[in-house]
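Lettered A, B, C and D in written order, each chain numbered from 1.
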Amino acid sequence: MTLTVENAREIIRVTKEAGAAENMKPLSVVVVDAGGHVIAFERGEGAPPGRFDIAQGKAYGSIMLGIGGTAQRDRAEAQAYFVLAANGAYQGRLVPVPGGILVRDTKGAVIGAVGVTGDTSENDLAAGEAGIQAVGLIAEG
Amino acid sequence: MTLTVENAREIIRVTKEAGAAENMKPLSVVVVDAGGHVIAFERGEGAPPGRFDIAQGKAYGSIMLGIGGTAQRDRAEAQAYFVLAANGAYQGRLVPVPGGILVRDTKGAVIGAVGVTGDTSENDLAAGEAGIQAVGLIAEG
Amino acid sequence: MTLTVENAREIIRVTKEAGAAENMKPLSVVVVDAGGHVIAFERGEGAPPGRFDIAQGKAYGSIMLGIGGTAQRDRAEAQAYFVLAANGAYQGRLVPVPGGILVRDTKGAVIGAVGVTGDTSENDLAAGEAGIQAVGLIAEG
Amino acid sequence: MTLTVENAREIIRVTKEAGAAENMKPLSVVVVDAGGHVIAFERGEGAPPGRFDIAQGKAYGSIMLGIGGTAQRDRAEAQAYFVLAANGAYQGRLVPVPGGILVRDTKGAVIGAVGVTGDTSENDLAAGEAGIQAVGLIAEG
């Protein structure tokens, strides 16, 4: 199973709506495939211009390390130099905080990841989970 | 005037529909702002994974050089070393062929650019123009 | 369907044997997945130290552009500046000559790519095709 | 004396078997030569896609700094800024934790390095040592 473009568009739509419903700041959302390549992205209205890179870093790092942003943050807090070194190995493309979320199919296989940024990391994560669950997939943040 | 996220979403939707109506291969479309930063992107269904980089290169180069992809292509065919050198100055992020399209408002100011890839460069351009015109803006390919 | 590590190991083994049987120079062979990420690599015995990067460039470019090395070479000969610009968009990681080979499953889906280097580009391609066919998959060079 | 391709293949095979025998997660293993260039690599079955970069960082850093991953980790914990600065000097390619292992010949000369990743750093190291010893060489982790 793979994430379709339609899945990605719906994940973005629901994630942004979930953020708006909770009065979060405008969320920027990326969806990547199982290889970390971008399927779709939308910036939050009025958000700073470089949001793509942050959202992408959250999603890309989740794919590359095989763990969600919460686990990345925990590892970074326990052993910062390791996460910084891993970041170097991936050309500085990791953003190891909540809001990077693995997407698994109903059999448990990783089929992509979502990166959300704009509000607190925990709120980013909550909104992204709502988006992933809306298309019947499993979120691992 | 600035390009809104809603503009970008509509440009992508109409560009992809215009391609499908002409039986083009699935189009991938990026919309960037007046600083060359991504507002929204959507890959074509079934397209190769790295389409973002090509679409982005078309749009980014249009913003950086201040001319559309057709004029970039003409310059590259007349003086390849100049365009390659400019590409070095922009960290290799230019893709100087048709399908990179400046977006101007009705007063002529550049407010963003669109990058389209997936079919021939000329078809990519035609579809992108349809998308830009659908939101009442001016395309310069 | 995805390429397994065992598939990759067998593709490498048969590709190197096919080269040796035709008295080619020692071949270096990489196998990447559908996202362009390395599954397995083996340098040719006595080959120069940097063979990984060439083999990887052939395979990575095939995945990113969605065409094999022969089609990349043809495009480069017709429109060199485009292929060089695409290379910039992919951080200089393309090597657009024969020996980069898409791997399709029996339904036609791209599930990975192989990159072979060491002898002439045409011989590299022939050996890699033998490797891919040995595991019942389809080679598009 | 130099590490042969056959040595590298055997080191990878035994390292992965050693990991499996101890119920470790699937290990990804790279073998590099005395210049830090890849001889052979194999990802662990089912491991995340970017394992090459981590394994390579462990092995490359061992060669460049002339010490194994355990000594690198100790230095990083004592003086993080130094290891991070060294990492910058090597373009971010160091991963200074156990699992990066120097390979010495029986006279003590460094002839290559191994990078192992997938389980805990200590387990990665133990499995890699088994691989190196299986070909009659000396591991310095």
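Quick notes on this structure:
Simple rule for what comes next: a contact is a pair of C-beta atoms (placed from the backbone, for glycine too) under 8 Å apart; a residue touches a chain by one contact, two chains touch by 3 or more.
Computed from a predicted structure; not experimentally measured.
Looking at chain A and chain B, the chains that touch each of them are C. For the touching copies chain B and chain C, the fraction of interface residue numbers used by both falls below half; the interface is of the different-residue type.
One simple way to say how far apart two chains are is to compare their mean CA positions; for chain B and chain C this gives 30 Å.
The mean-CA centres of chain B and chain D are about 44 angstrom from one another, to the nearest whole unit.
Centroids built from CA atoms put chain D at 26 Å from chain C. Among the residues of chain A, those touching two or more other chains are numbered 33-37. Pairwise, the chains that touch each other are A-B, A-C, A-D, B-C, C-D.
Here chain D touches chain C in the complex through residues 4-6, 8-9, 33, 35, 37-45, 49-50, 52, going by the rule given at the top.
If you check the complex, the residues on chain C that touch chain B are 34-36, 63-66, 80-82, 84-92, 110.
Residues 33-37 of chain C are the ones touching chain A in the complex. On the side of chain D, the complex with chain A involves touching residues 47-50, 53-54, 56-57, 76-77, 80, 83-84, 87, 91-97.
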